[in-house]
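Two complexes are shown next, each including chain A; its partner changes from chain B in the first to chain C in the second.
For the complex of A and B:
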């Protein structure tokens, strides 16, 4: 489809269209579809890395691995890990949203040094969760950690301690509250000033303005942030694994941590872990689709608002 | 009067300063720790204030030293991890921005059957939990000889960032009026010339912002690096998180290593602050 012109080579529109998109699609397909097919294959087999020489040696078991996961008692893995993950999502995302939105409400007002404070407050979300968690582990140390020293708490934050779950919550809230703050700020800044002027004329109370103007108009951006945070927390791995990855079956063994530990074990049937991964994938893709459609809707709304 | 034009109450400012102090305290503690000698990091009583000269045990003062930094920089394992991180992050960023720019132009300017579906597919690849695909990818990499190689991580991070870079750059390219291109095409420019001489220069800020986001994601990534690398291609997050599990960890050096690793990305992000929002919302909203 390449035609040689007088002094330059040109491509037809059709060729450009394919050459633009094709390389990227092929790469994504190769590194997404292929692993997913392999995953599907493994999940239908009893495959033990320590025993079988290759995937070909593994015994076909059909849907048994899925059944093993789905039929396990609710107070055991993997259901326990799903429950912990759900609890982690609810607790961290609520805290991130409540704190982030409140701080944003303070930050939209004018004051000296606002730019600097906003910039400083964004720092945690740019850091590598695994790296900062490694340092938080030191701060949570039962004997020499600064946190126990300052709060007067005695005892561990790791292992099977009931505080282990909260150590992950604290680090996650610290890391991602800035994210919710940033989105809340964007939502608040986009509210048309004319609405407040009208409310002023009507002598509406501060609470009325907040309840009927600020909250509903900032909400789409806040919800967008919530959707992203829910998705990310759902697959949370870095912080619980670094803070408390040594033992299994504790409050910080979230779904991703469980998957990682099952995959590490050479003598375990990888099929069961992979089947669980597939179940997780289905939930994650469903969540992802909600997010994507929400984004598309927001984009449409922005367009119509821009056109009006 | 807009909500943004109102002045803040002094109490609100005080509350914000207090909040900022709490949020930044862990970073401040990290900086202090990085200048401490081993005995000061493990003392029963924490010391907060650097002071010259030898300090008595149990005081709030400690004698600062640069030893953690000099030793950390000289450490061959850390140096290698830092080199690995840099190579993997920079090359994968260039690749994902390059391929993404073409794809973004394609999606932005050409309508074709299933275009929206493909775009959703692209974005949903970013939603996959790393741990849900790590087993098949590890297996695949074993067959291809890509385990524990830079190339393996580069390809994976490129794929991971490609979906994001395509979406974000498409949002920037969508905003460039098609009138320029049409005029250029009438003047006898080819499509490729239009892309290189008109579109890419006009979208340059958007491309820069996208690059920073890809760089941050690749620089900070941990889960894939943990499962796919061991000795040769391990990155700094894996190295530091591994050191933290060690019973004999030197906390001052851990803090120094973390700070050395974090500094470039923090500076970078603060410089690109204006584009932060747009990157987060995948270009959906004007930042």
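For the complex of A and C:
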């Protein structure tokens, strides 16, 4: 690879290529592959990091940690947290999509100040979710918060209160609706005006134009956004954790929060939490694959339609 | 392909080499001491106190203050990595079992024996709770640093107001309760009625009767519950036999009482953290606040408690049907077992310096709560703050949570169930039954 020329050392193209990827490879091994393999090892062991004197003391238990997670009754963890997560995904993503798409429909029309309003609406998305959640926590405080002041609600929004779930929904919708609005706007702007002009010539009603032109043509971009939001909400941790902590059995104990809770105690078997993380990974990969497959299919359909 | 394998192998070897670090264990210690503690006023006081040590020895002492929410997690990382970042860990009393069994704390029994004069004056309760493991073994792994216990601050101006005193008597009569004065309560039941009066009978809008830490994170709800648990005759269990007794009728009665008491708190009262307790009281929205002595300087501060610092009185937790107890707080100072012998030696010398009478007097003057009984009785200490006189009495009432290595799992169960009960998610009977079963399950595999 390194050739010794007449008067200097030179590197072949191939060597340059390898030397260039080396730093990335090092980072990949140190921060991705090494932890991934270590956690896989831990998931097959009874490892208590506060008690055992290193990984060498961990006891091999095979698939027991996976069984401990999977064999729980449906009304207990981790199934309860999967149910809460599913509810959170359905509620927040539906609201984000509906509101985001509606706002995009308003913003797609040309009017004065449209760009400024669009930019202002995007602000929540640019903020750190943890910081946003910390601000909302004050607003949800039952004693001094503005939410109870405005709504007349007297109870708490935190802890084991059923309202805690809705506090997370409200913050997530506030944070990520702009994202759905942005993608919807991109989809709406990509619709050729000629289609609307043709519909107008045919005297098509507004509902007909929306139903047969706007909705189907904007849908691929909207669905792309939905896929991103579903996957992001599925692993949601920072908002519920900052708003309501990591206690078990709260309506905000989503699967990521449960995962943290199971792994946080130094004397507990970390393998159970790690096994849950791998189960979560399998679900996430499966969901991701379904989404990618669906999107590819949709693109194919679009291509066919374009060709026709 | 061979080239790719070579690059990959090279990368792995570089990563492994990078992870392998570690200094020379025989090298002399650098002139610095890193201490891990939580972020709060006593840590600032210790940093100030340590400037004297730097002047005397040239050794720079840094108190690394971690937010309370991360404090336990940082300890966990340090333990798991067998890290040598910190020379001294100022750890919660419950951590000692994990520190000892996991081999993270250096045994200090010989050091304490060598400096009998320095350590003889330490209150036996402090020695036992902060330093000894297992209990009764007379083997020590820490020296008392910040001693602490739960006590109560109250609005003297409201309690002494004749209008409220008369209205309080009426309130008791209306609720067919035996008459007693609106004053420092002698029993938990009296405290409940006073709290109930301020919430529901005083006519002050938005006023809570009492606030205390109740949130499910870390140890807050459990620490508040304990004073009632023991006063009602309940207990967590037997640490030597590793048996749980939290399902007892006395423990259930204590939790039912706490639920009743928290119903006289504010709307946020069932999910309050230490910070919420301070801010609610100092903004005049609660007649009483139960928390640790370590937070009391804020109640007494004209800056932090601008409107009520001069109107605030203090008392130790009252008695229950079966005794008077308070939840121990505070931390001991332990030497990290993963640092070099030279650094351990340097850290031990700091511990001995810190425990000296003069330094402990200065520590108390700066707002720290010393465990040295002679100092607790001095006029200087007693007059330094209005609540200092209560502190020595509190020492005789202290009890603590489990401190076996599995304390964190036991604590998580307690936290979740106490907090859920206070918010009406489950009944006290259900909660103590669940706690009993889950504690038994954890204790089955616990380390003695």
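A few remarks follow.
FYI, the second predicted complex is superposed on the first by the 259 of 308 C-alpha atoms of A that agree within 3 Å, B and C clash if a C-alpha of one lies under 4 Å from a C-alpha of the other, contacts with A are read in each partner's own complex, and residues count from 1 in each chain.
We adopt the following convention: a contact is a pair of C-beta atoms (placed from the backbone, for glycine too) under 8 Å apart; a residue touches a chain by one contact, two chains touch by 3 or more.
Remember, it's a predicted structure, so these values are computed and weren't measured experimentally.
By the document's definition of touching, of the two partners only chain C reaches A:154; chain B does not. Within the superposed three-chain model, A:203 lies out of touch with both chain B and chain C [touch as defined at top]. In the overlay built on the shared chain, the residue A:266 is in contact with chain C alone; chain B does not reach it. In the superposition on chain A, A:25 contacts both chain B and chain C. When chain B and chain C are set side by side, the one touching more residues of chain A is B. Once the two complexes are overlaid on the shared chain, A:34 sits against chain B and chain C alike.
By the touch criterion defined above, A:231 lies against chain B but remains apart from chain C after alignment on the C-alpha atoms of chain A. Where the contact sets of chain A with chain B and with chain C meet, they give residues 21, 25, 34, 143-144, 245-246. Across the interface of their complex, chain C is touched by residues 1, 14-15, 18, 21-22, 25-26, 29-30, 34, 49-54, 141-144, 148, 154-156, 158-161, 245-250, 261, 264-268 of chain A. Chain B meets chain A in the complex at residues 1-9, 12-13, 15-17, 19-20, 23-24, 26-27, 29-30, 33, 41-46, 99-100, 102-103, 105-107, 110, 112, 118, 120-140, 155-156, 158-159, 162-163, 166, 190-193, 195, 216, 219-223, 226-227, 236-238, 240-241, 243-245, 249, 251, 254-255, 258, 261-262, 265-266, 269-270, 273, 276-277, 280-282, 284-287.
Chain A contributes residues 5, 8-11, 13, 16-17, 19-21, 23-25, 27-28, 31-32, 34-36, 38-39, 42, 55, 103, 106-111, 114, 117, 119-124, 126-139, 143-144, 146, 149, 174, 177-179, 182-183, 186, 188-189, 191, 193, 196-197, 200, 214, 221, 224, 228, 231, 234-235, 237-238, 241-242, 245-246, 255-257, 259-260, 263, 270, 273-274, 277-278, 280-281, 284-285, 287-289, 291-292, 295-296, 298-299, 302 to its touches with chain B in the complex. Contact residues of chain C toward chain A in the complex are 3-4, 7-8, 10-12, 14-15, 18-19, 73, 75-76, 79-80, 82, 98, 101-103, 206, 215-217, 266-268, 270-271, 276, 280, 283, 285, 405-409, 412, 415-416, 419-420, 423-425, 447.
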